[in-house]
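Got a structure here, written out as structure tokens. Questions coming.
Should a chain be cited, it is by its letter among A, B, C and D, assigned in written order, with residues numbered from 1 in that chain.
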């Protein structure tokens, strides 16, 4: 169980087996584990099931390079840079299954996993077509008042979380919005932390109010400066909008080059 | 709805009607809304239903002075200072109903309220006698695998939360452990913040990673330095163990004096 | 009348902002430049107490329209932390007042399709509805918007229901719809001055009515809009 | 042999600490001086990787035994934030290894009563079981402890089941029990050297067996115990 240690990006990615269910930190172009995702592609991982509320570059890249077989998400797009082309094509051509959710049901599935219970009651969104497709079921409210919609737990094998700072044990700090990252950390079986910098425990402790990922499930800590690039990792760097414009226009060959050109 | 403002402790306590369901911040002698509780007693509030995972001075005082009619909690005690005498006597004499829970089921009830769902599935603790007494019910897991125990939502009318800093709108910061306070803030209909100090928005923002209570449900912000006394409110002050030893030995007359002697 | 995309955006932003005069709270999703502008406008001009739930934090106070709704600097000016999960809970509890939702396909019931559309046999994959399914169903006043108006977008019945709910208003570059409870469907509330009943009718896949012109933005509003978005990023969502 | 309360506490702490040699993680509740000492001892001497989930934070590193398990300074030396709710989730997920639980009444099944007891018609109200109901049922190795040993505490069947679970060990000032899976009940694992089979039998409400003496604490352990609790606060839980 306790096999965590500081390691290289290559070694950490090697922990992910083909076919694994992984979830990715951040939102759109904000604190995404971009370097980790590129290394997944460089190592030619296959059949990954990828979970996230709102994916962008990360999900698109894994779809475009044949690493993903299923996307469990509520939204996949590049926001101001248009549609996620590779994701879109892969789904349209049937190479990737888009298990469409709403961000809320992704969160509910993670909550159930985090709490160790088989399902989570949610608000009634049953008019949405994907509720049936995903197999969400009603239960009778045992306290009266009719039926309640539920979402079954989904327990990712790995949460890949990019943070600003972590210590050598994997206790990790997030500055700014968490998005679903702390919840993912609670829900997943294992955590891989990629971090802008590894800092001494004492330094992390000075910022204790931002340290919400405890080390106990962390299997790897990888120091990856600019690990969210071309996404942002404030306060250190913003998104690279130019690179994203370029990325959005890449064909498959270009994509294949991209993961070797942009290192790590 | 939007009737929040900075006000006096007397005015804030006046918002609480007799018979209300309130929940109290902190744990045992840590960041408890002690001044608020004393003012509840000074104003002679009655029939309060009080919710907390682990109560001590706060719950005991409300039981001893006839303010509480029901305690929903997992634990009420003075830890190193022995049993909570007034709580105990009030329950034994039938003046107060102890709706015994385990801290976990109190949390589950608050989670359900916070999420706006009627119940929360929990781990099977059905051998515990209070599960039946509280009316917790099983539901059939709609995804197979048998029955799952549940806890119905409990939505407090007010969460009374003592914090280190808040701004005039009621955005509030907690240094150190949260206990159930942020969850209470999510679950309750209304929030009353008592704070060691009211600070400008800009100051609060500098510590944004600790600001987890947004203002939108806050109906009152009360500046009460030493508002957790005799409990601790780090980093400003520790528990007053001497006062607690004295408190633990008070009879009912002594208790009645205590709330006027210790001000606010 | 020469109407630029910026003019059109300004009309839409102004009308959205005025709807927020009595709003308690508002949330907008990603890639939502017009709602972003409208919320800032409303907070500055009409409703300083309006609570803005944002993906990156509670009650942000941005000075400019960013290229991304999760742009890092937005979160620097928030009053408190807020998680997306909590925003959803707020809506699930019935406490969210206004939500802005985009619809790739919008039908006369006000239902949205952001999942996929079929053109003949061909499936066109869309990004998904993000938080829409919950928010449309549970917020008190969903405001739907679209940067384009044609019969493939405004349809009688969406091919897939991504989000079902009753919109408070639906904004397009041609007109504004509101939901009529008696008819149980969208009706035209106002038609933008550069458009006409005929144009709306021609480009809408369900029955429409004539309606008065959309009020024009005030000088004060336009001035502030220009200040918040001097480079005209807002127009990029319109066609 | 003159045995002080401090000596007794030291024996119990030492034996608890040694049980933690192979433990992955441990949690203790409020007012638990002996477990608090045992965890520190284990982390310093036997198992530096032992994860300590505390009410005030993750992996605290306190230098001394405080008067309260939620004493503010404990949280200053934590590695990360942790909420009680999350600790319960960890246990509910089956990921908590050792939990220390106090029992006002303990029966031969290892069930605990911390709710209330009846003496004749009179109901004696106890504080409640705190997190025990969940933790006893879901942690892998619950370790129960009591500062007193008599037939009102160690009973055949508790009057109220506050927490049901299978204890890994049960500590008293007279002996240590373990759960025997074949018999389906507690058996005596060791008897403290200042006590005897006769004394345990006389003070226990269910059938007991003789057992070897509890190993004594090492000099190293005693030295560290004295250092962590120089004022002997630990003895206040023993009678």
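The rule is short, and it goes like this: contacts are C-beta pairs under 8 Å (C-beta built on N, C-alpha and C of every residue); 3 or more make two chains touch, one makes a residue touch a chain.
The model shown is predicted, which means the values in this text are computed figures rather than measured ones.
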Common touching chains of chain C and chain A: B
Pair exhibiting more inter-chain C-beta contacts, B-C or B-D: B-D
Whole-Å gap between the CA centroids of chain A and chain D: 40
Centroid spacing, where centroids are CA-atom means, of chain B and chain D in whole angstrom: 28
Chain A and chain B: spacing of chain centres that average the CA atoms, whole Å: 36
Junction residues of chain D, two or more chains touched: 57, 75-76, 81, 92
In chain A, residues with contacts to at least two other chains: 115-117, 122-123, 209
Chains touching one another, given as label pairs in label order: A-B, A-C, A-D, B-C, B-D
Residues on chain C engaged by chain B in the complex (per definition of touch): 24-25, 49, 51, 57-59, 75-82, 86, 89-90, 92-95
Residues on chain A engaged by chain C in the complex (per definition of touch): 27-30, 53-54, 73-77, 79-80, 83-84, 87-88, 91-92, 98, 100-105, 107, 111, 122-125, 127-131, 176-180, 183, 232, 234-235, 238-239, 241
Touching residues (chain side chain C, partner chain A) in the complex: 30-31, 55-57, 67-73, 75-76, 81, 83-85, 88, 91-92, 111, 115, 122-134, 137-138, 160-164, 236
Touch list for chain B against partner chain C, complex: 1-2, 114-117, 167, 169, 171-172, 186, 201, 204-205, 208-209, 211-216
Residues of chain B defined as touching chain A within the complex: 112, 115-123, 137-143, 145, 148, 150, 152, 175, 207, 209-210
